[in-house]
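Below, subunit A partners subunit B and then partners subunit C, in two separate complexes.
Showing the complex of A and B:
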């Protein structure tokens, strides 16, 4: 047992029992962060702040919210918005933070991809981050349902219906999830539980895990430089602050974070007070009405890209219906980012700008996701349907191409590009109804494959790369 | 410098995405319609140089008060709202301040041919006549009646009065305790409450039979539809919602603005508070950021 002596102060008393000094060193004063980072690395602190705001404002909302289909709408729009002191402020802070948090998550994620922060020892950071993304999505969706407005109801109808596409158990699964044969009171009550209890607890545990996963591989930096953290930390502690490549989290790193956070909070509160409507769909201010379908059903902006991957496939191919293909693509889109560390065959940790083909790949991905997001909200009619198809196939193709891009296999890359182009042409013919059915499309595939294997240039390239 | 470049890239990408989702997709989802002019140019102009005294006579002689009350002139309603709704589908409006909210040309046309002025010919015809009959008197009589209604109308109506006259007999506004049969009273007993609820239910059921659908509660319309939509919709519902049972109510531009003001007062009660608190919170974070920046500069001077 440890040896305890009489403490001379409260701090000392606590320090003997809780090792406060040591804890502070490990968590802050000697938690080493590379000096060579930019403000994109402050997104973690911004996210943490947003999550804290969500939890606290959520607790206040929880005091007055009624998870009952007859009371929910008025408890939000009347009780909280009009009767409760500053209820409107808590609600707007909650709604805006819920939306903005995704903007920051996407910036955080794309930063990780751009600087290759997901590889060589940092895989667990990436995976725990992606798990956070998925749980945040579930949290956002279950929260969006609670005001029981028109879009809450119809989005729930559409999203829960997706599970019906799972083979064999689909139909029963949908009923099990809804707790009824259609979206109704039991659905609202269970999503309420998920939103205020289960999901937040999982998120908190994952945040803890995400931080923990940083301890050994440490944070990446702007140049992808491999730093000997122990050696650099010794330099810093010896007073060679300017020479050392690392800085402690407290107070050096946090001082920059706080500035970034302050600027971000100006933006955030500007939205809360003057532009809260960007986060709240006007249609959701109509009470849920199962008898009246809104003209357009679409998710919140942060789900639009994967929603468009789902909607992108607009024609059947043989036995596969457009809906099945969409569902498969949607399923892939939602898990594919998890596998990024293994799809990227290059071991080099460096910013995309220094990685040639990967640089192009990264910006194509960003552009494609923006196109998917915008077209996810446009009515899927006319030429929009074809653009959605191009972007959805493009998204899958980008991930199919990633191993070829990073391993510099030109032949393989050409194959992916050819297949993608073939799919685009087939889709265009289908769109213009110039050619009627999927058999032709499959034939087109076959031709391209044959061309590929017979073409000596490609064959040679493939051999050469190995 | 590099950080500003990164920030610029993020701002541009977020800006493009936002523009695509909001104004662009929004404009594609909602078909364009002409903005409201309140000119009612499809209606025939009627000379409005009537004599109010003759108009008063005409109102009596033509039996207007058989259905309509004029409470400001001590002419009570012949029936209570629920009975009236059982006979006509909806309680006919009180005429005390009708000329203060409804366009005068429109008013003359409504008296002459209600179905045409209300734009309800898709719902009412010879087989299913409109509850209010056409007026077969001369144009001079019409001008006299309008002149009388103008003479008794108050110069100024409150936003709430404008709403009650224009919308209040079909649309509840539960966030301001307004029901289609009037202001919800403070109940002393449970029996009183139940009796009121019964009356309301009977009225609503008659209304539903009459219109084919229950008109929506408008409490949140300022949030779900917004100013512009409400303005254009009030001017001509058919223009936006083809085939709707809602009549064109013929409000003047000013009366429409009053209705919108009232809807905003009810649906967005905290607007003033938001606007008065906002600058202080923003100021706090501006100061916070400046101090944080100075602190950062001080600390980083040691490590750079």
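Showing the complex of A and C:
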């Protein structure tokens, strides 16, 4: 047994047993963050706060919610909204936080992409962050089902049906996931369990892992400068605070974080009290009815871009049906960001503005995702179907082009652009019914997917300025 | 020394094998727990009497929580425009021909609406269209609307059981 001496205070007594001083140093007081960062680096703390709000408001909703198809709708819309004191507050806080948490996640992700914070030793930060994106998506989807309104029901119907696209086991898998031939009581109770227990636990573990993955490579900075954290920390501790390039997380960095958080919370509570309706679709105030599809089904805004990739393909290509192609593209869209560190063939860590073609690539990606989001909400009829196709193919084309852009291979880049344009023209002819399921389109898609999958493997790394 | 080492390896393998067997058993139990319950499986039959139906009328009945479209076809609309192999989508019950199919869009499972004046089924979710014989004509649906397993008993249709007419229709006989 370790040697213990008599403690002079409660803190000292605890410190002897739990090493509080050392723990605090490691986690906060001597956790070093670069000085040269802007408000975009505060998104992590904003996300952490939003997740905490979701957990706390969720606990209060959980006390009155009833996971039963006969009771769920009224327990939310009558009991919680009209009877429970401040029940409306928890519900609006929960719904609005669930929506804005995705806004902040997207800002957080795009910041990482813009400043190249996903490569040269920071790959695990990126991957754990993407795992969080996926688990948050599952959490949002399972939570959206719980009020058991029309949109809850039909979103569940459509999303669980997606698994039917998996070859051979698809149909049985859909029934297994639902626990019935259709979305019904067993489906609601199992997704309730996922939403209030399993997914939150996994998310908490992933958040811990995400923080841990930062420790060795450290936080990136605005210029992508490589900092000797130990040397800079020594300077700071020696009193050379001005010369040092780093600051401790506590109390220096956190004060900046808390300011950004404060501004964000004003925005958040403004939405909660005055514009909660944007997170509350009117169709979801009709109780779920398996016998009546709402005229137009769409997911919440944060899923619209991938939803539009799913339905962007409106014609068959040889043996591949429009639905299969949509499913393949949707599958790719959902995992492609994981591979960003390997699609980017440039080692250089610098903001996009200093990475040549990548700057254009970044803003094209943002623009394409905005187009996908807007058209994801519009009915896919008439010319909208073609725009959806252009944006969906464009999304995949951007990733197919990324290795060529970052390795500065102009020939390869021209090839990707030419094939993409040819696909646009072929799609337009298909839209106007001027072209049958021609061999040309099949060949074009074959080349396209070949470029997509083989590009990152064959294009050599281009070392950046060391 | 090498004796001790191999004994330790053996113990490790026994322990690993035991743990793996237990893990597999647990996974199987978990998989089964998520399977549809026997009561859910047993409630999978629906019987409909078709004799009161009028020509051109579309009836929607529920089977396994899914809408089933039953369309009594007027004689002049016998789906002759279809190539031979899909022509057989009509079922003869009594003296009339019926179209019996699962009323879910084969794209992602929304319920298409029957537009009698245009004689099409239109799916509002993703803009898919089907003709009056349930064959996809536009948009993302990959195939015609599915035919549910059925059996004919006089003028009654039993959904959920595979009768000889069903087997003929889907080419199983």
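The rule we apply is simple: the second predicted complex is superposed on the first by the 438 of 466 C-alpha atoms of A that agree within 3 Å, B and C clash if a C-alpha of one lies under 4 Å from a C-alpha of the other, contacts with A are read in each partner's own complex, and residues count from 1 in each chain.
Everything that follows uses one rule, which is that contacts are C-beta pairs under 8 Å (C-beta built on N, C-alpha and C of every residue); 3 or more make two chains touch, one makes a residue touch a chain.
Bear in mind that the values here come from a model prediction, so they are computed numbers and not experimental data.
**Q** With both complexes overlaid on chain A, does A:121 touch subunit B (first), subunit C (second), both or neither?
**A** Touch partners of A:121: none, neither subunit B nor subunit C.
**Q** Which partner does A:269 reach: the first (subunit B), the second (subunit C), both, or neither?
**A** After superposing on A, A:269 lies in contact with subunit B but is clear of subunit C.
**Q** In the overlay, answer first, second, both or neither for which of subunit B and subunit C A:379 touches.
**A** A:379 sits against subunit B and subunit C alike.
**Q** With both complexes superposed on chain A, which partner does A:295 reach: first (subunit B), second (subunit C), both or neither?
**A** A:295 sits against subunit B and subunit C alike.
**Q** Between subunit C and subunit B, which one touches more residues of subunit A when both complexes sit on the common chain A?
**A** B
**Q** Counting only touches as set out at the top, which of subunit B and subunit C does A:318 meet: first, second, both, neither?
**A** It touches nothing on subunit B or subunit C.
**Q** Is A:103 in contact with subunit B, with subunit C, with both, or with neither (first, second, both, neither)?
**A** A:103 sits against subunit B, while subunit C stays out of touch.
**Q** Where does A:157 make contact in the superposed view: on subunit B (first), on subunit C (second), on both, or on neither?
**A** second
**Q** Both subunit B and subunit C contact which residues of subunit A?
**A** The overlap between the subunit B and subunit C interfaces on subunit A comprises residues 295-296, 379.
**Q** In the complex, go through subunit A and note every residue touching subunit C.
**A** Residues 154, 157-158, 161-162, 175-184, 186, 190, 290-297, 311, 313-314, 316, 321-324, 326, 379-381, 385.
**Q** State the interface residues of subunit C toward subunit A in the complex, per the touch definition above.
**A** Contacts found on subunit C: 31, 34-37, 40, 44, 60, 62, 64-67, 106-111, 124-127, 139-143.
**Q** Which residues of subunit A touch subunit B once you look at their complex with the stated criterion?
**A** So the residues of subunit A touching subunit B come out as 35, 38-40, 74, 77-78, 81-82, 88-89, 92, 103, 107, 241-242, 244, 247, 251-252, 255-256, 258-259, 261-263, 265-266, 269-270, 272-274, 277-278, 280, 282-287, 295-296, 301, 304, 366, 370, 373-374, 377-379.
**Q** Please output the residues of subunit B touching subunit A within their complex, sorted ascending.
**A** Residue positions touching the partner: 2-3, 6-7, 10, 13-14, 16-18, 20-22, 24-25, 28-29, 174-175, 216, 219-221, 223-226, 269-270, 273-275, 277-278, 281-282, 285-286, 288-289, 292-293, 295-296, 299-300, 302-304.
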